[in-house]
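Shared between the two complexes below is subunit A, which has subunit B as its partner in the first and subunit C in the second.
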Partner chain A sequence: MISRRNFLGMALAAGAAGLLPLSARAATGKVVVIGGGVGGSTFAKYIKMNAPQIEVTIIEQNPIYIRPYGSSEVLNGHIQMSDLEVSYDALRNKYGVNVVVDKAIGLDADKRVVTTASGAKFDYDRLVVSPGIELLYNRIEGYSREIAETKAPSGWIPGSQTALLRDQIRNMRQGGTFLIVAPPNPYRCPPGPDERGALVAEWMQKYNPTGKVIITDPKNEFVTGQDMRLGWNRLYGYNVPADMREGMPALQQHSEAGIIDWIREVDGGRPLAIDAQKMQVETEQGFIKADVINVVPPMRAGKVATAFGLTDASGWCPVDPYTFESTLVSKVHVLGDSVSASPLPKSGFAANNEAKVAAYAIINLFAGREVEEPSWENTCYALAGKDYGFMVIGVYGMRDGKIANLPRPGFQTLDVSDTKHRLAAVYQQAWMKSFTEDSFL
Partner chain B sequence: MRTLILSLLVVSSITAHATENVVPKSEWSAKSLRQALESRPTGDPLRGKDLNTQHMCASCHGKEGIAPTPNWPSVAGQLESYTFKMLLDYQSGARNEDNRANIMTAVVDMLSPQDMSDLASYYASLAAPDMSTTMPPPALVTKGDPQRLITPCASCHGLTGQGGIKGTPAIAGQSADTLKRALVFYQSGERQSDLYSVMRQATKRLTADEIDQLGYYYSAQN
Partner chain C sequence: MKKLIALTAILLSAPVISDERAEIMANPCAACHGTAGKVENSAFMPLAGIKAEVFVKTMKEFRTGERDSTLMRGLALAYTDQELEAMGQYFESLPKGGEK
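Showing the complex of A and B:
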């Protein structure tokens, strides 16, 4: 158990840390965070910025964070793998967060102690669990973690699979097919699979002009759908299905098949099985052969959340929106993609906002003050190409005890001008930097 | 009026020496600027109003030209000629002092001279922001500092920042952050869109406190 200096001082004064009554700690306390992603890191930083006397320990498996947001840009060479790396140095040195590289494996919620793989024990007044997602590779017949790591990568949690996928795309034969198997709802990064398709289509225009991108989807719509389809139509020769043209501006009608195709559920897009030997995917409308297969499998809350009993039958974690405290295990809070907090999306932006709400709530709880009414916002930027972006913006607040979408000002009609798309691409790049800064630096 | 022109000339001649090496070739001369302004298409404020929304200008500068946050400048009530010149400067890359400027360049890239003129005339037709208080003007505004060869701000921008003297922009009621940013970027030379380096010269010897004070004073004017 690691004691920071100020805590050690208190412990010496009181005789023994373990015997220190809670009241003696007054407005301070001890928080343990499992997971150093956007949720956990933002939470730790904002606690320390606002209440430096609170002791914060992050338990994180990886010494360096690899950001998932924007990681599809590795696939087409916009950025490199190393651009995804974010250091924990600022959390440690600038904010005084105790970042421990270890794996949380046990929880005693009554005694409020977390045990790690190395055998260390961490006691807490409040535990924050922010583990991201677990990919359910086995939910699709013929697919597995092993196949994902060797033959048909997912890359939805960035890392070696992202690099493998990038190399497979680069080495694909001319005229080859890149197939994305899109996930069912809910999943991390709602516009992500379709943005990935667009980015690879953009790359193919230049390096593999006879190649094809196919997205096969168990859904009939996705976030930013209209914007994305408009972008595909303008950039990649995509024909918007007749029943989806309502409310859209003048579309180009392409006589030949474009680079990108999206097969919806109604058109038989639901994936049934993957055959990594034959490199084909069985869908409801038939078999699709491909040269590179990218599967975004179904997902649920990160493993540790499931192991600690924080999930319900949905596979996600129910929480009190005022504090993000689990409704299943007291004094344990859950943040980020693991939470079911609809209409908040499973995005980094939302995780960052949830972390701030939880940080202020916990500071208030430690100080014996009432928790304030929270509000949140979210922006998802997505690219259809390097200079062609768009965004969805949400503002959320409490209505009748539930998180609700609030009205907001906006200038984002579907086709206001090319400026919108150019600006959104500029903003997206700026956001990658400023968001990382706000969460980690 | 005579003294104002004189002081401007003094400043100009000083700067000709001081900044000989940093003046980019594309920099305006009084003549080329006058020609550009005279040959601009006549602006249509109604069309400008539409463009303000269509081109997302309103998302930072406000639907009525008043920025909803201090992060961005207000453009309501601005001199038509100044807005037009700024848009030209963003388009040419003459203004590229920071990422804010780069955002403008990305947008203005898509504007025609007619669009720019329409926007400029729309903003000029709006009432300038009113943040007025009864704060007395700092000496730098009214007297400048002859010791440091600093021209009084008021000699070009007016006592209350109304602008318009020798084509200078209105700065009254602009957010203090915006004004300070402009002064800092002129001082560092990162912003070079001033005719004959007048602002680069005027800011050269300002202290950080004075920049704060000037930003605060003009932001509080009507």
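Showing the complex of A and C:
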């Protein structure tokens, strides 16, 4: 039997480029990648897999990657800090990527040269910038990087602040309050702040049963909101606000306040100022005293994107969706959280997928061929507890020259069985492994 | 001659999904099902070498709920039959073991 693939292959001229594997086509060039996170690493791997003759150099500040996805699981002891570490050895040894530990500090976009802190110069045919996010600590009165590193950690970029936050939670007095200051849109990992609240609430049930988790939020909703609130209601005694119960399955009505509380914007949740000495946060509805304060500050594109003129007034980087080439600086592409490519979210999954689209596009550009139509998904798992998961289901394609959400259910239905929630938690754990493998290994 | 006309008709009737387009559509699957369809993971099945007809049948069963799933139903509903067929052909073409 002749497969459709072979059938078309024979039907069209044998030399039709569109039917040859990518690797068989001529495409040479030199790519420099700034940032070895999910976007940069996936990009480098997929370029080298498909066109090993292309020279790829990653400039990355840290010798080992510390993954942000899943890093809230350090806070409740599901995993250790060392479990977040991902090596660049496979990129170097298996795929032949030149991974340089250095910091990009200068760009000459006309001459196409990047300079680094060590004084090295890297010339490129295409530059890919994938720097993640910059946390704007100073946007909240009373908050600063220094306070985040010593007193009221953020931990939204994982590292020493994550470890500090974990220790603060562990050492908190019995009956203490853990306060999360949630960020305004847009931000990295849309379900993340509320998932973090759930995981700490679960930890408290066991180790600090009279403790409290409060999330104070400048927003009225977040991605996976209904699933998360249902999980909080079932697991942590949370009462869903009366105006948010429509369309939800039977809810428990708890007579006493639960472990977790979420204060929306309409209820005065917007944070106004932080006082790290008094350990309190001023919000529109009043002051909240806490024993541990975790601030997820407003954010924008990673610093190097701003420094290189890749951001617009929004603080994020506008790009051509077919290639992820910056619309502001030619031959420079931007990937991951730094990009404004709505409706693609600021998630690791999206960064991984954008990287693949950009890799194929750049191979085609080097070969002087037309860029193929892109396609994206975003399937993120989130937890309300270690055995209670749910997910976001996103599929995106080009419609009328723009990235569009394709019609499909965006979430599971809310009435799924406990088994389904357990299964989603199993998949969440499995995804941490398979996703890291696809991006780095 | 008849064959040629039939062939032309097929080629003109639906926009052809190129192999590269199929690969680009299939690439997101790798986040769970492994790069080039290869994964060693108790939760996710590898897709390398799966028969296209099995892939398409499975995806269609996810759509209707005939086959139970967590998120696969949502994904299956977003793609056309032709797109599923193209992705199935791509996965079938991938070697099951070793490097791509």
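Just so it is clear, the second predicted complex is superposed on the first by the 411 of 441 C-alpha atoms of A that agree within 3 Å, B and C clash if a C-alpha of one lies under 4 Å from a C-alpha of the other, contacts with A are read in each partner's own complex, and residues count from 1 in each chain.
Methods note: a contact is a pair of C-beta atoms (placed from the backbone, for glycine too) under 8 Å apart; a residue touches a chain by one contact, two chains touch by 3 or more.
Quick caveat: nothing in here was measured; it's all calculated off a predicted structure.
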Most subunit A residues touched (candidates subunit B, subunit C): C
First, second, both or neither for A:Glu372, with subunit B first and subunit C second: second
First (subunit B), second (subunit C), both or neither touched by A:Ala430: both
First (subunit B), second (subunit C), both or neither touched by A:Met49: second
Touching partner for A:Asn352 - first (subunit B), second (subunit C), both, neither: second
Which of subunit B and subunit C A:Asp418 touches, first, second, both or neither: first
Shared contact residues on subunit A - subunit B and subunit C: 411, 420, 423, 426-427, 430
Subunit A-touching residues of subunit C, taken from the complex the two chains share: 7, 11, 16, 18-21, 23-25, 27-36, 39, 41-44, 52, 70-71, 73-75, 77-79, 85, 89, 92-93, 100
Subunit B partner contacts - residues on subunit A that touch it in the complex: 411, 416-420, 422-423, 426-427, 430
Residues of subunit B that touch subunit A when the two form their complex: 53-56, 58-59, 99, 102-103, 106-107, 109-110
Subunit A residues touching subunit C - in the complex, by the definition given at the top: 3-5, 8, 11, 18-19, 21-22, 45-46, 49, 349, 352-353, 356-357, 360, 372-377, 379, 391, 393, 395, 406-412, 420, 423-424, 426-427, 429-431, 433-435, 437-438
